[in-house]
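Notes follow once the structure below has been shown.
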Amino acid sequence: MKKLINTAESVLEDALAGVAAAHPELAVDLAARVITRAVRPPAPKVALVSGGGSGHEPLHGGFVGPGMLDAACPGEVFTSPVPDQVLAAAEAVDSGAGVVFVVKNYTGDVMNFELAAELAAERGIEVRTVLVNDDVAVEDSTWTAGRRGTGATVAVEKIAGALAERGAPLDAVAALGERVNAASRSFAIALTGATVPAAGRPGFELAEDEIEVGVGIHGEPGRRREKLRPARELVAEVVSTILTDHHLTAGDEVIALVNGLGGTPLLELYIVFGEVAARLAEHGITVARSLVGNYVTSLDMAGFSLTLTKADAQLLELWDAPADTPALKRA
Amino acid sequence: MDVDTRLAEDWVRAIAAAVEREHERLTELDSAIGDGDHGSNLRRGFTAVLAVLDGPDAPAPDGGPGALLTRTGTTLISKVGGASGPLYGKAFRAIGAALPPGQPPADAAGFGEALAAGLRAVRDLGRAEPGDKTLVDAWTPALEAYRAAVAAGAGLPEAAAAAAGGAERGARDTEPLQARKGRASYLGPRSVGHRDPGAASTALLFRALADITAG
Amino acid sequence: MKKLINTAESVLEDALAGVAAAHPELAVDLAARVITRAVRPPAPKVALVSGGGSGHEPLHGGFVGPGMLDAACPGEVFTSPVPDQVLAAAEAVDSGAGVVFVVKNYTGDVMNFELAAELAAERGIEVRTVLVNDDVAVEDSTWTAGRRGTGATVAVEKIAGALAERGAPLDAVAALGERVNAASRSFAIALTGATVPAAGRPGFELAEDEIEVGVGIHGEPGRRREKLRPARELVAEVVSTILTDHHLTAGDEVIALVNGLGGTPLLELYIVFGEVAARLAEHGITVARSLVGNYVTSLDMAGFSLTLTKADAQLLELWDAPADTPALKRA
Amino acid sequence: MDVDTRLAEDWVRAIAAAVEREHERLTELDSAIGDGDHGSNLRRGFTAVLAVLDGPDAPAPDGGPGALLTRTGTTLISKVGGASGPLYGKAFRAIGAALPPGQPPADAAGFGEALAAGLRAVRDLGRAEPGDKTLVDAWTPALEAYRAAVAAGAGLPEAAAAAAGGAERGARDTEPLQARKGRASYLGPRSVGHRDPGAASTALLFRALADITAG
């Protein structure tokens, strides 16, 4: 394992010190492990708090700022934050208008945010939770912990964040977050595993011509292993997997996110995006807005995920609304 | 032999030592069907628990075993994260709550009730059924073996030894199961053939109890 | 080699199709291989044109837009663009006020842009060239082709771009670009080689505990190979190498860029940045502005580069000026 | 044997074939001390040259060798990129310019002047001296050997064979050199011990000339 770290144990601490040094527009509480905006928005405003394991940067700290999150609480690498942290975040940003937790659907995240919500309620903070579960690689059945939350988190944080910034009430912000999630589907393919610093080697190893199809963002193996094929074929399959699940039809508009998992060059992500746009055009679906880049990563994993969010006028208008965060800016 | 504060502390320290010794194996099990952090999660948690026990703010020696175990649970919740943090944290808090202060130290049967409360807490929070390939699958046979031993007249040492055996059997028996809860469930049929990391750590927990109570 | 591509030969073509699909705010001439702004700035305005081999994304196409470049001409992977391309870019964006070529100092880039400048002159376009050569890993002597251009390119394009946007004349824009370059120094360390699609395997291979010190952004090997050390030590050495060359002293302000080479997670880049800030603080140097992320990449290479630009009021003011490009936005 | 359009075209096609055959080796040489693209650069260039020669807009058979070689150079400039694109492109354009239309086909001596113009163009643009570890180090001994052969009364076939030998020797002799130009110069002393890729491709170019002129 080769990594630019000091020790495997201090990864989160050292990275937070870097975030603090790099972003005067953020306030980083190194002890509580909470990232907030340096300048608090005018109260009252519904606050958005998100968090999850580290290793997915810029998610979530990179999305703290006007128009998106009020606070992020990063856990250890690939490990959900602890309830104390989430509570500290909620207490730091609640203006009395309540707090929306944006939680990706993983057992650990769900439980830790649930405990934090209980503690917050005890302290008189009103909390709503938006559970993000967009990954169609996982069947949503009694046989699984439900669909994982991945790329849709960006859309939820952007769109619900924009609504909150305009002063909408707690239930409206949470309901919109849920609507964005319900309108979103994702699917990922990995070319390599991810190496957690503390583990020291990749979560899974692939041969020189193998890919992991339907992989998760924590180095969880996918549902099957296959031979690498040209981008065109891989994308065609990913698009049709999502469309099958999503019931998108000709004439629909989408927000499309081609997301790098951390180790894939932007050059390749653009190739993937070109194929996505071409395949969607064949189905009569219009890409109304798009993002191409590393937004929800999985450490050094090579590969990509595609997220399609079915768009309508309200979602697009809020997607276009101003945002000023380290990783997503809109004038 | 009763469950006094000393025994509770010995147990927690023995678990911490076992986790320190075995964390790489736990992480390896978690790499196969999870995200490769179970060992470091528990290690971080029990390192923090030891720091509490050795720190200026340690639970008072006369505070009773319940307070010590509750404090252990609270510490795990606030340090571990992931699925195992809340689950083990709530479990220790429930065990602690079942050993209230001012009561005489629990005997083997009483401690069995406390362990049962721990399992109930896990199941309440995680909603896993036996057979879902989680730590419930180690804890359940551990508790059954413990109770059977107590019913047959065993004291704490024998009951704990039986529980350790039951937990280890339970952990091994997760191998052919297909996971239905937690991260391993995403793998579908590919989760079959691997031991559940949480069940493996539960086995460490009961083996530690057997070790510290054994002659 | 595992890459998300169709064929090694069509990488550039396919990626440009993706850029075109992803960025309605850009105009992509797929035949000429030139990226320009979709909306032309009001004429007359000095135009900035840059380009170089592909594989360094977001450089340069990601910096086309108001406040930065007018056009980018991407060559094949790690290969400078050809003169026809550069000429096409210059012709597309010259408003009569002249064109500044921002050229990284590599023999191929220099020659191709030089030929293009001759052709442009023949067509009556006034051209100035700003040569970027910030890489202190290369000695600037008769024994080398001179220092390479790396991370400083971003600062040159941002700052000179801002000045051009305000209507400054050709010579002033070029002079400022040169001043930014002269104020900048960079140094890079790689943890892995980069794999050019057409070559099929890494330009160099490192053992599990080796790093390449003073590496270039084209997979050119560095000046020496060493054992990996903790980030703190690597950064301390990189900072002191740059400071030795740069004559920065206590009280100076810098713009600091911690740049990922493509395969390094943002989490690690923040760790590196934290160390950079700490080391500079020890020297009494203030980080006035910073960027942390993938800006001048080298395909899938793991590693980082550090660029320090000595700042003054003018440079900072222009650094902060509005920009609206795919990879760098400022309100 | 004189240098007519047919011979010029044969030469260019033979270079293209050699590049097609050897591009992986050239890229490998460039990976060691450069950026690993020299083979694919030249391959892309000569593929384009062949497309021109075979296309609707091919140089007229009666246009003369100069026009064909100039066109080859122009195509290389507009397709290759990198350092080698302008260098070889300018070289071919200079060779072509030295063989103006309306003149009788050059003989061995005349073609030697054209080859010298090619080298001058390379040196004007790249400012490399012999010993800098560039294609100049193959082209210079090639030209010397060619001229020596012509001075000794040789015709084109023998002169070309001599040039090919000189170029190959020159390419081999770049191995102990430390690069002072181009990307390899960044390596400092680490460039020693590797053959320069551009010198190796120049050797292909002269070997192709020898091959097509040989009996």
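Labels for the chains are A, B, C and D, by order of writing; each one numbers its residues from 1.
The rule we apply is simple: contacts are C-beta pairs under 8 Å (C-beta built on N, C-alpha and C of every residue); 3 or more make two chains touch, one makes a residue touch a chain.
Please read all numbers here as calculations on a predicted model, not as lab measurements.
Asks: Can you work out the whole-Å distance between the CA centroids of chain A and chain D?
Replies: 54
Asks: Measuring from the mean C-alpha position of chain B to the mean C-alpha position of chain D, what distance in angstrom results?
Replies: 75
Asks: Please report how many Å separate the Cα centroid of chain A from that of chain B, as a whole number.
Replies: About 32 Å separates the centre of chain A from that of chain B.
Asks: Counting only residues that touch at least two other chains, what does the list for chain B look like?
Replies: Within chain B, no residue contacts more than one other chain.
Asks: Among the residues of chain C, which ones contact at least 2 other chains?
Replies: Touching at least two other chains: 77.
Asks: Treating touching as the only link between chains, describe the layout with one word: line, ring, star, complete or other.
Replies: If you draw each chain as a dot and join those that touch, you get an open line.
Asks: Pairs of chains that touch, anyone?
Replies: A-B, A-C, C-D
Asks: Would you mind writing out the residues of chain A in touch with chain B in their complex?
Replies: Contact set of chain A toward chain B: 53, 75-84, 106-108, 111-112, 114-115, 137-139, 142-145, 148, 196, 198-199, 203-204, 216, 218-221, 223-224.
Asks: Spell out the part of chain D that touches chain C in their complex, as residue ranges.
Replies: My answer: residues 27, 31, 33-37, 40-41, 44, 77-87, 125-126, 178, 180-183, 185-188, 190.
Asks: Can you check the complex and tell me which residues of chain A touch chain C?
Replies: Touch list, chain A to chain C: 1-7, 11, 14-22, 54-55, 57-58, 62, 77, 191-192, 206, 208-209, 211, 228, 230-232, 234, 258, 262-278, 287, 290, 292, 294, 297, 299-300, 302-304, 322, 324, 329-331.
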